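Just passing along the structure, written as structure tokens.
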Amino acid sequence: MTASTPRLARNGPPPGAPAAAAAGPRSGRDTGAAGQPGPGRPTRRRPPARTLLLVLNACSIVAGVAIWWILSLNGFQFPTPPEVVEKAVQLGRDGLLRQDVLASLGRVLTGFLLGSAAAIPVGFLMGWYTVARGLFEPWIQFFRTIPPLALLPLVLVLMGIGELPKVFVIFLAAFLACVISTYQGVVSVDRTLINAARVLGAKDGTIFVRVVVPASTPFILVGMRVGLGSAWATLVAAELLAAQVGLGYRMQQAQLYYDLATIFVGIILIGVLGLVMDRLLLLAESRLTGWQERR
Amino acid sequence: MTASTPRLARNGPPPGAPAAAAAGPRSGRDTGAAGQPGPGRPTRRRPPARTLLLVLNACSIVAGVAIWWILSLNGFQFPTPPEVVEKAVQLGRDGLLRQDVLASLGRVLTGFLLGSAAAIPVGFLMGWYTVARGLFEPWIQFFRTIPPLALLPLVLVLMGIGELPKVFVIFLAAFLACVISTYQGVVSVDRTLINAARVLGAKDGTIFVRVVVPASTPFILVGMRVGLGSAWATLVAAELLAAQVGLGYRMQQAQLYYDLATIFVGIILIGVLGLVMDRLLLLAESRLTGWQERR
Amino acid sequence: MTTTTPTPAPAATAKISVQEVSKTFPLRGEDFVALDRVSLDIADNEFVTVVGPSGCGKSTLMNVLAGLEEPTSGRALVDGKDVAGPGPDRGVIFQQYALFPWLTVRKNVEFGLKVAGLPAAERRERAEHFIRLVGLDQFADALPKMLSGGMKQRCAIARAYAVDPSILLMDEPFGALDALTRVTLQEQLLETWSREKRTVMFITHDVDEAVFLANRVVVMAARPGRIYDVVDVGLPYPRTEEVRLSPEFARLRNRVWHSVYHQTPALNAQEG
Amino acid sequence: MTTTTPTPAPAATAKISVQEVSKTFPLRGEDFVALDRVSLDIADNEFVTVVGPSGCGKSTLMNVLAGLEEPTSGRALVDGKDVAGPGPDRGVIFQQYALFPWLTVRKNVEFGLKVAGLPAAERRERAEHFIRLVGLDQFADALPKMLSGGMKQRCAIARAYAVDPSILLMDEPFGALDALTRVTLQEQLLETWSREKRTVMFITHDVDEAVFLANRVVVMAARPGRIYDVVDVGLPYPRTEEVRLSPEFARLRNRVWHSVYHQTPALNAQEG
Amino acid sequence: STDSGAASGDDGPVAVDFGYIPDFNGTSLLAIAEDQGLWEKHGVEVTTSSFTNGPLQIQALGTGDLDFGYIGPGAFWLPASGQAKIVAMNTLGQADRVVGQPGNEAMEDLRGKTVAVPEGTSGDMILTLALRDAGMTRDDIEVVPMEPAAIVAALSSGQVDGAGLWYPALATVKEQVPDLVEIAENSDFEDEIAFPTAFVAGNDVVANEQEKVDRVIAALREAITYRAANMDETIELTAEFNDLDPADVAADAANVQVLTLEELDALTEDGSVDTWLTGMVDYFVDAGQLSDPVEPGEFYTADQFLSAGQGAR
């Protein structure tokens, strides 16, 4: 961490500029010639870094699964990976898995998208207007510290046991995670850009849409990524409320029977779905923040 | 949201620059003379905006308590505010409250501080080194989507039933929330600043400490604020692990006895403690990011 | 012309009127006086250049007129009305460009036109015209990060020109340009100004440029920031290469140079 | 002097050697050629100025030498070794200043000294000296956001000077300064350069400045960015006001001006 | 479809919201009623909602989101404290155990040791009873409250010396710790207390919708009869209803004492059920979950259970 290790590959947006930009993919392919480009040698672009990343991801996942396997063979009462796969296949054959995934995905997506969509204007209002900030902030902070489990009784009282309370719990988790980040993004926007928009005649609304939102995209995306995690993590709590189907429900049910294999299937599916959605967000991010100086 | 409403007060870092900067505190005090400063009229500085904010906070909290009170009087089975206060006084007299608060605060603070402290270097490593990113990222994303409750058995097996697993669960929550944000902060650092440091002879370690960390302070603070919320929200789950004392434990126990007043005392205390810690972070933030152009 | 009582705009015909404007910034606990009772009237369709040593308050004065900074005391009036914030009537070119980094050159230039509600086709056409004017046609679809310093500055110029403001406040607009581009843009600016009746306040640190462009050169002094001298430039328009070589130009140039560089410090000579 | 085979540094004595360096950027799907086979040797203790139209690749060339951009093809050597990244041997003043916004002027200037491990007292003393040199003593504890454009630039100059690099790469370092400050800093730079044996590459868009300071003026041309002409300045040092008024100076000035502004477009005249 | 149901009026089927827990106790009757068309027969249209605990159902009864629900023994204090009414007894749990790591043969051996318990559950109840039997109190051992899943992990990895828990969770532990000692089980306390499960209804439903309660009980009664007679089919139906592995459900059912309708009626009539409930109320008062003792008649509508039975015949 204290010295630049030439063997370490760098990421796409390289802080060390060209030498490093080249070092990343190259040392990744083990040429090790970082910063010693031969004359006339053409620079190769991104793909190697991306491939390297995928390879590393794969290594890391394999290592994780191996640790799990070793643990499960060493007296811990985890199911082994093959057992979990078998269980997944079985659940999949019953059609349960598809049904659960669709139900949970629907809830998480709805809650997450609504939560993020609400967080952006609220974050803006809080960033710009003392009144909004003064009114919203205590409650946003307050609810963020309350575990979703503790909210269930309240939500049940107010919204019953249909789909609404389930989506609402997830909405709340995503919203609360995202709004803080958006707020910070809004107050961090470079004032000179806002001034530039103002002198071109823009009013608050236009500035919000055309300056504040693009300028705080990195923050908004952090908020969305964190919110996405919270949304999935809240799924189990949400599906405590009279769900008939869903990954969280399936896991709770399995818990009644100590069916650890099913619980593992649920955890892994949730993790994988979360990971896939996160990758999609990152893809969106690289589209949306390509203008940053860092690239 | 689409037009600048002169009546709306603005926050400290005002996007509308001077006219708005003045408008904030002023229209807050209802002079309504935004942008029409008389000649020779001295500008007044921050304090009014801060006072206004506190007044609004207070209003908002009073309104929230009022809604609660109304709901509880209208057939919802909440305890009323006076019942909760009474319960709090009673618990306080027994010495339970102090004991619980101290135990929980200790766990949350330890877990949160360790989590944030770990998130910053890890976020940096992920932001700069493809290897680190490729190895860490899948797991960070994966664990973020898993509800802390599902982790309890695993943590218990690995760490027993002492303080360690409780602190660890909280640590994990804070770490996972903070690391995403730090990572984004690290990759968003303006490349010209890193270049400037490099040409002055700085190596990776120095650049991390002296450039990346200060430049991504806004992101790190978002991460810490979100992580703080997660840390508190995870407290109840953590104290499911063989706790004898603590606010989360007290709430679970109260839940068994349907003692809603105690649950409310717990929720409110957690909320208030979270709020206080968040204010302290904000204070740190305004110290640390005073250099931003936005102010 | 400088009145201490804040009666409404005494020079009724002035397009821009700065009356006893002071601006202080907090600096290390103390108040740093960036502008000290500055008074200045700029007539409609006048071309005023402002010169002065680095840090004398030129940009601050411009920000006050743009409505981006509020004076600590005094008034700034435009068209007889107190400046209440920025507006598209006053085009501003910032010293640091302030391009929107997420928009291409074309979209940056179109920004003000979009805000004004122009239809897309017209917007595009106008933008196209001004982009060509500053020689960025090949880079119309490039992002600011892909531009060189001078190209960024030209993009900012095109953006300000495009909204066609009646007042132009320009903060060292040609500072990052090579001499040839600079001369071309100077000529274009003068040409537009004389044809379309604009009021221009133009900050520069190039004394030649100041004299060459202006009806009047305002010389500022530092610590505290104040107006030290105002030099009327009687030279005829259009300003040709001939004018530039004339002895009168040389005389004025020397006069301004002298004012800037031989200021008796803290002399309170408000001649605005 | 331009070789197409990449044999190790042919001019063994050259402090800086640029050999057939090309640099392309992706632009709208195509490759934009910012530098087209540029070759240039700078001897030890030479003062080279670079002029050329906006966007001709001056900053790109400097970034290559600083180790911040990697050439698409060709080599850049410093002291006979391939440039493998930035280092404190080459001080850089960026066109956009690149001050650390969270550090005061003093801390910005001390940054490189801290990295080099100087003890606090010495650091402070050195910083103090260079801050005074650029006239920012009153603002030593101010943050960059409190500085005017010219003051920021001076702070960047002090920061680069403070680490005492043997090579100075300066990108329009005096561009935002008023004429008097500029002249003072020019004289200081020449004085330091001749006393302490530095190698300087100095980008400017001011032809007078280019001729006044340099041993050699490199004239670049745009589209593609290339070296168009190299003018040897035989004028003696120290360069006094007298030199500036000499007919030889005027001649060289005209020669450079001509090279810059009457370039036959896309003529492939690599005279570097 | 309602003509055979004596309790059915002529006003068509009534809508009923029924909460349950997806285990054998909680689901078997619902699965049977659905499969055998008992709901239609008695003129009710049932919507079932799955929950994982009793208290949330009780709350949903309070808000009117549910009409009926299912609770285990650990939650009996909720109806006892007036939050709902018990409308039918269901089964008797035999799954609860106090267990110790090998070497801990009796409660005395656990003195001063760590004993994990999921508070407020039947595992908590059996631990308390076992302690009382041994003349000990909670202060004699170190009680560590934990989640059931965590207890399984803690027992298996030897982090705790004992626990109050139940089957089939304990079966998982036994795979790791084959010599796990069962120190106490439900049948040890047969005389003092039972561990019944029951169906509950909202207070408003019981007070204002007699008809609805009557029809539902009637249907449940028929299902009880079917269950006692056809255990294997019941297990199949339950597994199907919950998308579970029949083997899991069978393991679950193995620790349940299923009562016939006749037994239930007899136990209700001869006051045995009241005795259980009194024993439980005493237990809850002792444990502090109830402030004052209540008569079983206050929260168990025994008469209605019996009369619905009469009406149906």
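Note that the chains take the letters A, B, C, D and E in the order they are written out, and that residue 1 is the start of every chain.
To be clear about the criterion, a contact is a pair of C-beta atoms (placed from the backbone, for glycine too) under 8 Å apart; a residue touches a chain by one contact, two chains touch by 3 or more.
Keep in mind that what you see is a predicted model, and the values were worked out from it rather than measured.
Trainee: Looking at the contacts, which chains touch chain A and chain D alike?
Mentor: Common neighbours, chain A/chain D: B, C.
Trainee: Report, in degrees rounded to the nearest 5, the angle of the rotation taking chain C onto chain D when the C-alpha atoms are fitted.
Mentor: With C-alpha atoms aligned, the rotation comes to 180 degrees.
Trainee: If you average the Cα atoms per chain, which one ends up farthest from chain D?
Mentor: E
Trainee: Could you grab the centroid distance between chain B and chain E? Build each centroid from C-alpha atoms only and quote it in angstrom.
Mentor: 42
Trainee: Taking the mean of the C-alpha atoms as each chain's centre, how many Å separate chain C from chain E?
Mentor: So the centroids are 83 Å from each other.
Trainee: So the centre of each chain is just the mean of its C-alpha atoms; given that, what is the distance between chain B and chain C in Å?
Mentor: 45
Trainee: Among all residues of chain D, which ones touch two or more of the remaining chains?
Mentor: As it turns out, chain D has residues touching two or more other chains at 67-68, 85-86, 96.
Trainee: Which chain B residues sit where two or more other chains touch them?
Mentor: Counting only residues that touch two or more other chains, chain B contributes 16-17, 77, 149, 157, 192, 195, 198, 206, 289, 292-293.
Trainee: Quick check: what residues of chain E touch more than one other chain, meaning two or more?
Mentor: In chain E, 59, 149, 152-153, 156-157 touch at least two other chains.
Trainee: Can you list the chain D residues touching chain B in their complex?
Mentor: 66-68, 85-88, 90-92, 94, 96, 98-103, 111-112, 114-116, 143-145, 159, 163
Trainee: Contact residues on chain B for chain A in the complex?
Mentor: Interface residues on chain B, with respect to chain A: 1-4, 8-11, 13-17, 24, 28, 49, 52-57, 59-61, 64, 76-78, 121, 124-139, 141-150, 157, 176-177, 180-181, 184, 187-192, 194-195, 198, 203-208, 212, 218-219, 221-223, 225-226, 228-230, 232-237, 248, 251, 263, 266-267, 270-275, 278, 289, 292-294.
Trainee: How about chain A: which of its residues touch chain C in the complex?
Mentor: Touch list, chain A to chain C: 192-193, 195-202, 206, 210-211, 214-215, 217, 289-293, 295.
Trainee: Note which residues of chain A are touching chain E in the complex, please.
Mentor: 75-77, 94, 96, 152-153, 156-157, 160-161, 240-244, 249, 252-253, 255-260
Trainee: Under the touch definition given earlier, write down the residues of chain E that touch chain A in their complex.
Mentor: Going through chain E, the ones touching chain A are 19, 21-23, 48-52, 56, 59-60, 63, 65-66, 148-149, 152-153, 156-157, 168-169, 171-172, 175-176, 242-245, 248, 251-252.
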